[in-house]
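Structure record follows, encoded as structure tokens.
Letters A, B, C, D and E name the chains as they come in the text, with residue numbers starting at 1 for each one.
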Amino acid sequence: QETVKLELWSRQDPSGPLRAGNVVKAAERLNKELEAEGSPKRVEVVVRESPAKGFDDDALQLLKVFGIGEGPDMFIAAHEWICAFQEDGFVLKLDDYIAKYPQHFGTIFPSLWSSAKCPDGTYAIPQDAEARMFFYNKQLLREAGYDDAFIDSMPERTLSGDLTMDEVLDIAKQVVEKTKAQYGVLHRPNKGPDYIMAFNAYGNDFVDPKTGNLLLERDKLAAAFGWFERGVKEGVIPANNTAMEFDALRKEFYTGNAAFWMYGIWDLGSVAFPTYGLPQDEEAFFKDWGWIPGPAAEKGGSPVSLTHPIVYVIAADTKEPELAVRLLGHASAADLNTDHAVTTTHLGIKPEQLEDPRYAEAWPLARATELLKITKFLPNNAQFGELNGIIYAGIQGVESGRLSAQEAADFVIEEASSALEDVIVK
Amino acid sequence: MAKIEFRHVSKRFGAVEVIPDMDLVIEDGEFAALLGPSGCGKSTSLFMLAGIYLPSGGELLFDGHLVNEVEARDRNVGIVFQSYALYPHMSVRDNILFPLRFKKTPRDEALARVKAAADLVRVTELLDRRPSELSGGQQQRVALARALVKKPQLLLLDEPLSNLDASLRLSMRTEIKSLHEQLGVTTVLVTHDQIEATTMADRIICMRAGRIEQVGTPDDLYLRPSSLFVAGFIGSPPINLVAGKAEGGTFTADGTRFPVVGASGEITVGLRPEHLRFGEAGFAGRITQIEPMGREILYVVETGMGAVRVLEQGSFVGHTIGEQVKVAFRPENSLVFETKRQKLIVGAHVRTPA
Amino acid sequence: MVTQAAPAMTMAPSEPEIDWDSLASRARLARRTRAVVLYAFLIAVSLPIILPYFWLVTIAFSARTGVAETAVLWRSMAVVVPVIVGFWLAAALARNRRQLWFGFAAVAAVAVVAFALLVGPDLHLGNFIFLWEPDFASVVRSRVGEVKGAVQFPNVWHAFGNSILIAGAQTAIVVTVASLAAYYLSRFQFPGRSSMLRSLLVLHAFPVLTLIVPMFLMLYWIGLLDTLFGVILVLVAFELPFAIFIMKGFFDAVPWDIEMSALTDGASRRQAFVSVVLPQVRNGILAVAVFTFIRGWEEYIFVFTFLIRNSNWTMSLYMYWVRDDVMGVDYGVVSAVGVFYLVPSLILYMAAQRYLMQMSVGGVKG
Amino acid sequence: MATIADELIERRGHAASATRRRTNFVIFLGPAIVLTVLFFIVPVIIDIAVSFTDLGRSLRITAFTTEQYEKVFRTDRRLTQVIGLTFVYVFGTLAIFNVTFGLILAITTTAIRNVSGSFFRGVWLLPRMSPSVLYILLWLWAVSPTEAGLVNQVLMQAFGLDAPLDLLTSAPIALIIISNGFIGASMGMIIFTAAIRGIPEHLFHAAAVDGAGTFATIRFITLPALRWPISFVTIYQTLSLLVSFEYILLLTKGGPFYDTTVYALYVYRRAFESGQYAYGAALALFLIVIGMVVALIGWRFFDMERLLQRPRIEVH
Amino acid sequence: MAKIEFRHVSKRFGAVEVIPDMDLVIEDGEFAALLGPSGCGKSTSLFMLAGIYLPSGGELLFDGHLVNEVEARDRNVGIVFQSYALYPHMSVRDNILFPLRFKKTPRDEALARVKAAADLVRVTELLDRRPSELSGGQQQRVALARALVKKPQLLLLDEPLSNLDASLRLSMRTEIKSLHEQLGVTTVLVTHDQIEATTMADRIICMRAGRIEQVGTPDDLYLRPSSLFVAGFIGSPPINLVAGKAEGGTFTADGTRFPVVGASGEITVGLRPEHLRFGEAGFAGRITQIEPMGREILYVVETGMGAVRVLEQGSFVGHTIGEQVKVAFRPENSLVFETKRQKLIVGAHVRTPA
């Protein structure tokens, strides 16, 4: 018998311990399978814990580690980073393997696979998904004079493109003016995916569909920044949103001091219910709280939601690609993935999971899955992580009054053109 | 000029009482010396006079006025420290000028006074130098000029000579003495060197462990020390002390017997080396050590009562080591102390044994 | 040799009659004002420092909901401030040791009672759960309870051990190497002595944190990447210039004559260094050791960058991890971790406080 | 005993002393030199080399080029602002805290009773003794823009401010100066305290007797005696401030926007937030040159040569 | 014990030549004193002997062997510093034991020797204390014990007494002297105090600015100073020096005329205060200052040639300030120097003017 050690690089992340945990468990299943096959090989998973704060830091560190040839056999990453690894040939192309193991990968939502693709093929296995949205506080809206009909129709109006980004600002403004709530719209105070929704709404997709290169359109950028600028001007978005603590922002929203909170579905399970005691019962929840996807920029435009899948990736130089693929296949088993989904309020990757009673019971998941229809991904461009940092700086500049919307667009373009390669500017 | 009074003055540092209770008057214009071994509280007393330390209790008076709490700068006191304490980054001129800066003396007058003070102590040519470019004696003089330039009512000298070498010490002694005569300012000198005290001061205050042992002229302290401590402290080479018992007119110490008058019981007899001489009669001993000291010679004589120092005038060594000698003295030169209370018994004497 | 007649200098008091009493009262007033102003100033500027630390401690011992609670802070300040004033008064007013101890005891007794009444009920140790329960988040919030044990959560003792190891080893090396070098720089004449000292200053001008990538490559090439030893050596190199500067100051202050004495007593310079000079710079060694230890204790960038395979948790990274806010922060636990993180530095610091104050630079006086 | 100085000793004397000299050099300075060369000088050399490449985030070099320098001097428009800010930050922190406030602390804490004095000095050392992550955490909590922030609590309850302040956005530069200054002041404080303690007490006594009041004593006695320590602290801390950015990174991450991105942090942001290592290397090199120039000017200007006394033992 | 030789030894510090060229022999077992003003290179010479400084040129020999490059530890030299230089972190016992640590002396023997050395200097009861718990005199003794315990062939004393107070200095002087007599070890004492040098040493090496001015017994230096410098440096109170011109058997100084033999041209006459006496004849002056110095009295007499010091034996002040006096001396007590070369003119004398 021969033990194959497979190293899994995993960020020590309280928001998803089972991403690595499931791989560890999968080893048992794979080993049974190998035994049944009569193979002498047995797999042992060694987890390399990374203490990086955030997926971007983690990816940069991992790139260095691959750079000196010390990379792991497999790793967990945010999907938008995989092409950065692919570019340098660090990761294994998976198309053939995926085709070879339909029992593991066949039923994964096809839309999720697109988050795992680089220009020439598939390089990752989706591990989970989520939905990003604008949560809102119905009580405050009611206090501000909106009736229940209006409030309850907001999700549908958004989906149909009737409710716009600017209307969100309007509603928020009413709330700030008419209630004792202090804030209209709050968003995350660090670099991340959520606010990209706003950019998507204004038509920024950031990739040139033809070349796959990064694409920056000055007007669209300015329009998106304009939304933030207006928000601050109207007194709806605090000028210091980016200076606040993540938790302070949540506290403001969940304790009724803000109308909207732009964040992701897992926030319910991890913070809203346990910390702020929001009703866990579906009906009770929706009585006072609700969410909408990212609205369209103009009436009749298309709404967006954003999902930010985390993926499993296999190193190009692993000695046992076959085993690694099979291992990750087992880790993607519906039951294991559901464990992860329900304990951390993330979306599953396979339709089978929807049947799992545990999954069904976790109504936020079921309800959020609806958004997958209109969901978008961050572009799988090797340089998007960096671009996002620049965009975040732009938002900070606009909100804190250091830049106008137009200047922010110029800033992003200028920074990106000097720091990044092959950026197409329009 | 001022008359200084300590009335039951005490001083504590934290829990340590350095001066328990001090009573002392220093007359206007007097040159007084505070003499005592290291750590006995001389500097502490001086610093209270200067206003650097606050008395913990009692009253300190200048010309009858209570000054306990008056700040140093208001007391108009000049002080010279053992280390001179010149301001290292200022020229000699600025050093001497410094006390006048805070008196709003007009610039011209101030400079004239600096000049006069510098002339007085003869450092006029050094005015532009830094203290580090001066010799010890010159620094000493500058410190004096700085203390005098403000025309102090009281001049305090804290071991001013101890950092100087022997010959400089001698000449500064003379100079300070004559300055005092010339200016008449009340002066208090702190020293642990009895020769300094006896040559310079009108009156010596002999201290021990924070208490005043005796106050008097140099002669008082030398001829009539009120206690064993003073007798031992004053005089160089130090006095020979012989303890024993007086009974029925005979003083016995380790078997040697002296006729005694005016005392009985446990007594200690003090005999100054310079009052002893070799002769036909006297107590017997053997010379064990001979030390020529320039114009005097010190013999150490081993006797039945222990080693006894004998000082002979002149530079001629008339004896040899190992020689058997007899040592005599004049009765009026003997001092008799109660051993227990350590106090002088006035009028008591011993005689050379026959 | 010839004494000239000294020029006349009149000593007649030129000042008018002096009002001693008003001088005395003015002095009294000035003294009191001075003391009051000094203390008021120092208290005022020190409060901004004390307060946050105090807050940290109160949160660590009192927060329950995971949300910072400040009422306890103000209530305990209401106890602590009068107590400190009380101690001061006792110290200032006491005339002897007995009164002093009596005063202290009285203030302390009142303090204990007041504290127990006002703050006591709010205190608990629950926030220190991380000490015995690595997966404390799931216990506290029973969120990921079912998946316990799937992957190890970082264990605080692991991080603690790593940090102690890094800081301790680094301190030992820095103190040794810096003492050797500083002694040589301070006490030996050799060609290039001055340029050596100058390069120490220049080294201090190198932005170490921006040299991480070259260091990463270099560690990789010499095979020390991914070893604790590599991290320690990098930290050592970083701390050396400062340590040598400070140690040199201490060596400069050691009297030459005892070293001369040791030489004539038969010691070589090396032996004299070890047996006579080194003991004289104990304070310097302590001061440098404390600063170096803190530096290693707080390190996170190097640890994160240079350790890629080993389980490289250190207290700094653990602290980071605990306050990772994606999943919501439990301020109580964060504060408790903070307190736990602070304790070793504080102990060290208290033990060495009075030595730290003796740091001077170079043997230059004035 | 007279045989001690025998011929053997005589002959081996010269050669032995040369060997001793060499061995001592190696024993005493060897470790320090090896460590600094290996982990300090070599990385700088690598840095120079890297700055002429296109080393990116996966540590691959595909070309040797001077484009990084072109970027530094041509395209990077952020640099002017960054350099200006660095200047404000370094000299602001230095002038307000590291020197001035350090001096004030040293003077005031040595002017009161020793126990109280060391208590206050202890308080001011606390920030330096705390791990940076923790220290900044406290800052973040203190200046939190909500009513729960400590500063806001105090201002709102004690001083009647009505809306919470957001210092991180409205006064970020002041904040980084203060947060660094709280740490920086203690170094000056320590060194000045030691220096003040080294002033002979008699000088203070003499000044008091000569009529100098509190401020005159400080001006004429204390400050002149502190000339050298002040010079040292100034130059040393200038360099420290110039090259370190840890606290800023933790407190503001250089933001909002680029408002608190000092040069060293700018290098770090460039190199580490986006993996442009070669560009970071070129920028860092620029900083190294500036630092070296400042160090050498300081050496000259403050006559640091005085740090070297002539050894009084000549034998090795 | 060793015989020490300096052969053309020189010492430079950087550009400064502190000792240009020194030639000196110190005999085996001798007690020699290096005497000179501060900064004249005494310590430097001593440190070269100890092996702490390396000579810049010339040869240093111990018993005829070149030791220039021999390490300090191989020279077997004991040294006592002014500051005592005890190791503060060691007990007295360990201090004294220290030199034996490097000699691989067996523990028992080492301890026995420590005990013997401690007994010798009478610090046996202090063995367990730390240096900081000792008085100055005790520290001094411990330092001596430490220097002696290794049975050095050469004992060096660098101003060992200057930190002690007057009476301690006196007794340590005696002790060191008798230790030397007892042990016979070659001893070099550095001092700037002429009294110390004259009372302790067999031979005095008088230095000035790095050069040896005169080598001789105390009497040589006192009675036959080879130069003005030595004459001025030796003797307390210092010698009176009168500069003037000798022509045709008459020496004229500021109008006062003395008969002179054996000299002509610009000369300086030295008259020691203790060799002057008041009498019927002699040069005239007025007493301006009287300073009783215990058993001697110093008068300052203002004469036509400036102030002249006169020292009278005894403690009886027989004159008053302002008194007109005449001062006489014996011709053989006068010293005559060439003013320009500052050298003694052997055999020349002046006489009291008639």
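Quick note on the criterion: a contact is a pair of C-beta atoms (placed from the backbone, for glycine too) under 8 Å apart; a residue touches a chain by one contact, two chains touch by 3 or more.
Chain identities (UniProt): B, E = Inositol-phosphate transport system ATP-binding protein; C = Maltose/maltodextrin transport system permease protein MalG; D = Inositol-phosphate transport system permease protein.
Since the model is a prediction, treat every value here as computed from it, not as a measurement.
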Length of the shortest touching-chain route, chain C through to chain D: 1
Labels of chains that are neighbours to chain D and to chain E: B, C
Highest C-beta pair count, chain pair: C-D
Farthest chain relative to chain E (centres taken as mean CA coordinates): A
Inter-chain centre distance, chain B versus chain C - centres from mean C-alpha coordinates, in Å: 50
Inter-chain centre distance, chain C versus chain E - centres from mean C-alpha coordinates, in Å: 53
Averaged-CA centre spacing for the pair chain D and chain A, given as whole angstrom: 41
Chain centre separation in whole Å, for chain E relative to chain A (CA means): 92
Chain D residues counted as touching two or more neighbouring chains: 59, 148, 224-225, 227, 272, 310, 312-315
Residues of chain A engaged with two or more neighbouring chains: 64, 68, 245, 251
Touching two or more other chains - residue numbers and ranges from chain C: 213, 217, 260, 263, 268, 320, 366
Pairs of chains found to touch, sorted by chain label: A-C, A-D, B-C, B-D, B-E, C-D, C-E, D-E
Touching residues on chain D, where the partner in the complex is chain E: 1-2, 4-7, 9-10, 13-14, 16-17, 310, 312-315
Of all residues in chain E, those that touch chain D in their complex: 1-2, 13-14, 51-54, 62-63, 65-72, 74-76, 151, 153
Touching residues on chain D, where the partner in the complex is chain C: 20-21, 24-25, 27-29, 31-33, 35-36, 38-40, 42-47, 50, 55, 59, 105, 108-109, 111-112, 115-116, 118, 120-134, 137-139, 141-142, 148, 150, 153, 182, 190-191, 193-195, 198, 214, 224-225, 227-229, 232-233, 235-236, 239-240, 242-246, 264, 267-268, 271-272, 277, 280-281, 283-284, 287-288, 291-292, 294-296, 298-299, 304-316
Chain D residues touching chain B - in the complex, by the definition given at the top: 200, 202-203, 205-213, 216, 220-221, 224-225, 227
Residues of chain D that touch chain A when the two form their complex: 57-60, 71, 75-77, 140, 144-146, 148, 166, 168-170, 255-259, 270, 272-276, 279
